[in-house]
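Look at the two complexes coming up: chain A is in both, with chain B in one and chain C in the other.
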Partner chain A sequence: MLEVKNLRKEYGGLTAVKGVSFSLQPGDIFGFIGSNGAGKTTTIRMISTLLEPTSGTAILNGADVRKDPMSVRRMIGYMPDFFGLYDDVKVWEYLDFFAAIYEVPVRERAAIIDNVLELTDLTVKKDAFVQSLSRGMQQRLCLARCLVHDPALLLLDEPASGLDPRARSELKELIVELGRMGKIVIVSSHILPELADFCNTVGIIERGEMLAFGEVDKIVRDLHPTRALEARVLRDAAVAAEVVAKLPGVLNAAAKADALRIEFNGDPEAQAEVARALVQGGHGLLAFREEQADLEDVFLKLTTGAVN
Partner chain B sequence: MTAVAANWLRQTRRTYFGNAAAQRDFRVQLRGNRSVMLFGLYLAILIVVGFFKYGEIQTNASISVVQAQRELREFYTLIVMLLGGMVTLVTPGLAATAIVLERQRRSLDLVFSAPVQPRYYLVGKMIAVYRYIWMLLILSLPVTAACVVLGGASWSDVLTVYGLLSIHGLLFAAVGLLMSTICGKPVAAVVWTYGAVAALMGVTGSMAAASYSFRMFGPGSGGAAAPFAIGLSPFSVTYAVGTYTEILGYPVPNWLMAAVVVLIAVRLCLLGAGALLSDGRETPNLRINWAILVAGAAYGLCYWFVASGGYSSLATMPAYTPPENWPFRNVDGRAVILGYGLFWLLTPLVLVLPNLVAYGGDGALRQRPNGWFGFRRMLDGTPAGALPYIVSLVVLACVFGLLGIKTAGGDLPSASFLVYPLYAIGFWGLFWAIARTASSYGVGLRAARTTLVAAFVVLVALPVPFLAAVSAETFNEKGISAWDLYLLRPVLQFKEVNIAQPLVYGLGLVVIALGLNAWADRNWQRKGAAVRA
Partner chain C sequence: MKSKIDALVRENPMRIEIARFRRRFLGFGGTGLNNAILALVLLCYTGLVMIVVQVRGDLPPVAIVLFQTGLFCFFGPAMLHGAIAGERERRSWDLLLVAPITKAQIVAGKFMGALAALGIGAAAMALPTVLAAISYSKTTFYDLVLAEGVSLSFCTLVCAWTIFLSARAKRPFMALGATIGTLALGLLVFPTLFLSLAGGDRLTGEMLTYVNPFAALAILMESGSHAVTNSSEYGNLIPANLYGIPHILIYLGLTIAFLIYAEKTLHFPENEIKFIPQHSTE
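Let's turn to the complex of A and B:
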């Protein structure tokens, strides 16, 4: 379990992170969202023990980043927003070096290297020089490096930046798989729709302050108390709108051609009642769905100060 | 207790045996044909030199056995000097880019997000360089073995010299790693490393030369007694073998003394590099280490100062009567010599001061203004610690210098000696204040550092040709002269010493420095605030 408590970082007169707090459980994939300079990387670097917090702390499975950084380091895999690869070594040598500095026993290293290469789909490149790998492969090699010591927490800072769509999709699958394996994964990214796809928790940070934290659905619900329902009917859309408008939870219903747009703030039972009314009214219900609020909308809404 | 010891043993074993950083570097060093070609070329040079030198001795059939023995000894010395040159040239090159390249490719963060301490990493880098140097030394064994077979040296001589050379290699590697940690670009790291090694060679070379002349021409000349500084240069290690320094009546082999001093210097360099790599988080431990080691190093230098060359005879002769032509006849000679030594021993501050004093927002975050005098900031290299650092160095050197005289059995100098520490503080205080003044304009760290270097040039270097042009003589001129205006005049008088000069200069410079600093602080409040805004 990771518990971040009131983490704060000051540089001279500048406060980069202003008391960020959150906690994550094993298996959580946490999307850390924020514009450039918001404080994502600083927070991640503090959790990875590379930066000492000015105040506050983070505790990973009982180990404090300030009091016991070495224990924390043994449990984390940190992938920065740059590769930092050694060009002049082979793929297996690179992983062997990191396995050694993570104190993986010599007799286990070969098997572990084979496993992480297989997991990241790099087995065929085991004897290739790092400089000969494509960008996507180098990114996967970075991830493989983070996994050689089987960490409990993965800190991935902008892992998808600069990758083509295929490489991005493969990386996404890999992260989901790591979450399934019970690891806590923190991913910072600008590509918000992607984060919404595979993160179960997100945090939105701006100017060093955590503006929102929680499950994606909950954040969206909290920020959009009125939801939009869309329905398509075969006939009498205007009549259907009048009928629906009288139902509990419906704030407004408007018809346009064969489509109905219903503003709604009721519970799921009331939502089912709307669908039932459209079916029983003989309007020929063709489609009925809740319009999903976009994480990007939420981000823009929050960071423009609309919430405050 | 047992657990702590076991953990320490485990960490030490991990650091020194099977160090991953060393293995990685060594793997890369030996990959490809580059190393084979370098080793081949190196062996060829050694063999060619050996062949020609031996041929020269062999063809001279008329020389006596004693002469032949001397020639063979010279042959051995030449080979060892070549090895010294190899260590001096190759080691800094290998070490200078070790850290800076990692920083440039941004792999340091990856390493330090693992359970790795700076010590582990630096030792790994050292091992990689050291192993390479040992390979070069071992490759030269056939040539030095020829010296043993031919009678130029004994096996124990050769092994001791190899040990001492490898320790010098360790020092150059440590200097390279320190520069590599400080510098932001590989080219700068290489240039600064070779610059630092050249300066080191200048200082240790002259110390070794002075020690050698003391051995040859000093009291008890020609014997095995010689100041240990003879072993501080890799080019004079042959002279360190078989000679000793007498400490409290006990003869201590010079190779051992030199090795200890060099290893202390290695430790200092690595501690500095470690402090920089750990972003100051290891400072509490460093304070203790620095305090002990700096004291040890200062004592070593001051001991040398007192025990070597003419100083020794001066310090140990209470009833000394200076000859007629002795420049310090009318003043206390011990005070002047000790004072001059104190001042000139501080000259490495030229390299350190710009990095310590200047502050600004465009460099490392720790170089922000944090006051003008803070003892606690002394050893973390931040601006507030610069002045206490200068003062502490002067005080430490005085204490250990005087202790050194007492240890050597000499009389303490008169109180007039105190004008030299005052002058030293005034001199370095002036440049400290100039750097703070430049910084107070908010011009940035680099510009402030450049201003300080420019001030050195303008106040110390440029007046020399000008004063030489307007004066009939050099800075050594007797009586009142245009050279009296020169900042270094109080420590450059060798014909006639005016003890009032360092006093007047010292007081004046201290007042100027404090005044400038007060003005700089006010300036920072106004201009700096504008820059911050």
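Let's turn to the complex of A and C:
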């Protein structure tokens, strides 16, 4: 379990992170969202023990990042937003090197390296030099490196940056798989729809402050208590709007040409009743759909784009 | 104590640096430039061996040791300037800092890589040195061993100095420039200036040989050719038969000091922020 308690980081007069708190359970995939300079990387660096917090702390399975950073390091896999690989080593040597650093017993290393290479789909590149790998493969190798010591927490800072759509999709599947394996995964990204796809928890940060934290659906529901329904009818849209406006759960209904826009806060049964009324009213219902508020809407609604 | 040494040497995962050094500088199969440089070095080496065979009997073996020291003064910084600054520049540094490895292990690993390369270089230079020593009777075995000791200990100092500057610099080329610059200052500019200011005072000159290995090696070479017939030529500070040993001790002492200080300076993990107060990252 990871508990982040009132984490704060100041650089001289600048406060990069202002008391961020949250907690995550094994299997949680946490999407950390924020503009550039919002404080995501600083927070991740503090959790990874790269930066000491000015105040507050993070505790991973009982180990405090401030009091016992070495224990925390043994339990985390950190993938920075920009990273470099060594030029003159082969893929398996690179992984063996980090396995040695993480004190993986010598007799287990070969099997572990084979496993992480298989997991990251790099088995065929085992004997290739790391500099010969494509960007996507290097990204996967960096992830493989994070996994050699079976960490409890993975910190992935913009892992999909610079990847093509296919590599991004593969990375996404891999992260989901890691979540299924019971690891806590923290992913920071700008690509919000992607995060919504595979994160069960998100946090939105701006100017060092956590503006929202929780399950994706709950955050969306909290910020958009009313839903918007859209319908297209063949005839009498204005009349249809008047009829619909009287139904339970409908807050407002307006017609524009053949389209109806309905503000709604009812339950699914009431929603079905709206569709039924449009059909039975003889308006010739052509289309009926719920406008989905997504993470991007939530992000835009919550944030102003300001940076420190 | 034993486990500390084990952690730094035998069980140090940074020993991978030895393989990297070997592959990068001593094996064909790297970049075209590396291969070309290696081919050129091999050509020069063959030429050197042929010259030694040609002029056997006339060439003091310490002259080859002197040449070797000059070579290592260039090759040491060339190999090591990116040891830590390079990690910082290519952004592999953070990956080491978040791993459960100590800063001492990082520095020791880098230094071991350099020592391995130095050892291979010294082994290669041993052939022409031995060839020259066999046919040159004026240099004693003892003097030759002392000369090798002075040369190799100075080379380890150059390696430690380069690692230290690499630990302080943000870019590898800054580290290379600083190393070459300080070596030039310490070995050429400073002694010349100091001697001229001191007016050729004998004691000052003798003190300078402790700083400058080339001066010390030149004296060892002269002693072998019997141009030096009394101990006063070695200086007045130490007995003639011990000449060279203080140099070795000074160079090794400074090597350890610079390595320790290099380890102490590795405290700025933020790539964009050069110097973070030590307490904030320890």
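Here, the second predicted complex is superposed on the first by the 260 of 308 C-alpha atoms of A that agree within 3 Å, B and C clash if a C-alpha of one lies under 4 Å from a C-alpha of the other, contacts with A are read in each partner's own complex, and residues count from 1 in each chain.
As a working rule, a contact is a pair of C-beta atoms (placed from the backbone, for glycine too) under 8 Å apart; a residue touches a chain by one contact, two chains touch by 3 or more.
Computed from a predicted model, the values in this text were never measured in an experiment.
Annotation for the three-chain superposition on chain A: chain B and chain C clash.
In the superposed model, A:T120 makes contact with neither chain B nor chain C.
In the superposed model, A:M70 lies in contact with both chain B and chain C. In the superposed model, A:T41 makes contact with neither chain B nor chain C.
After overlaying the two complexes on the shared chain, residue contacts for A:E103 are found with chain B and with chain C alike. Touch criterion met: A:D88 reaches chain B and chain C at once.
When the shared chain is aligned, no partner comes close enough to touch A:Q139: not chain B, not chain C.
The intersection of chain A residues touching chain B with those touching chain C, taken from the two complexes, comprises 11, 48-50, 52, 70, 73-74, 76, 78, 80, 82-89, 93, 97-98, 100-103, 145.
Contacts from chain B toward chain A in the complex involve residues 14, 18, 20-21, 23-24, 27-28, 31, 105-117, 120, 279, 281, 361, 365, 368, 532. Across the complex, chain A meets chain B through its residues 11-13, 48-50, 52, 70-71, 73-74, 76, 78, 80, 82-89, 93, 97-98, 100-103, 106, 145.
The part of chain C that touches chain A in the complex is made up of residues 13, 16, 19-20, 23-24, 30, 87, 89-92, 94-101, 269-270, 273, 279-282.
Those residues of chain A that touch chain C in the shared complex are 11, 45, 48-52, 70, 73-74, 76, 78, 80, 82-89, 93, 97-98, 100-103, 142, 145.
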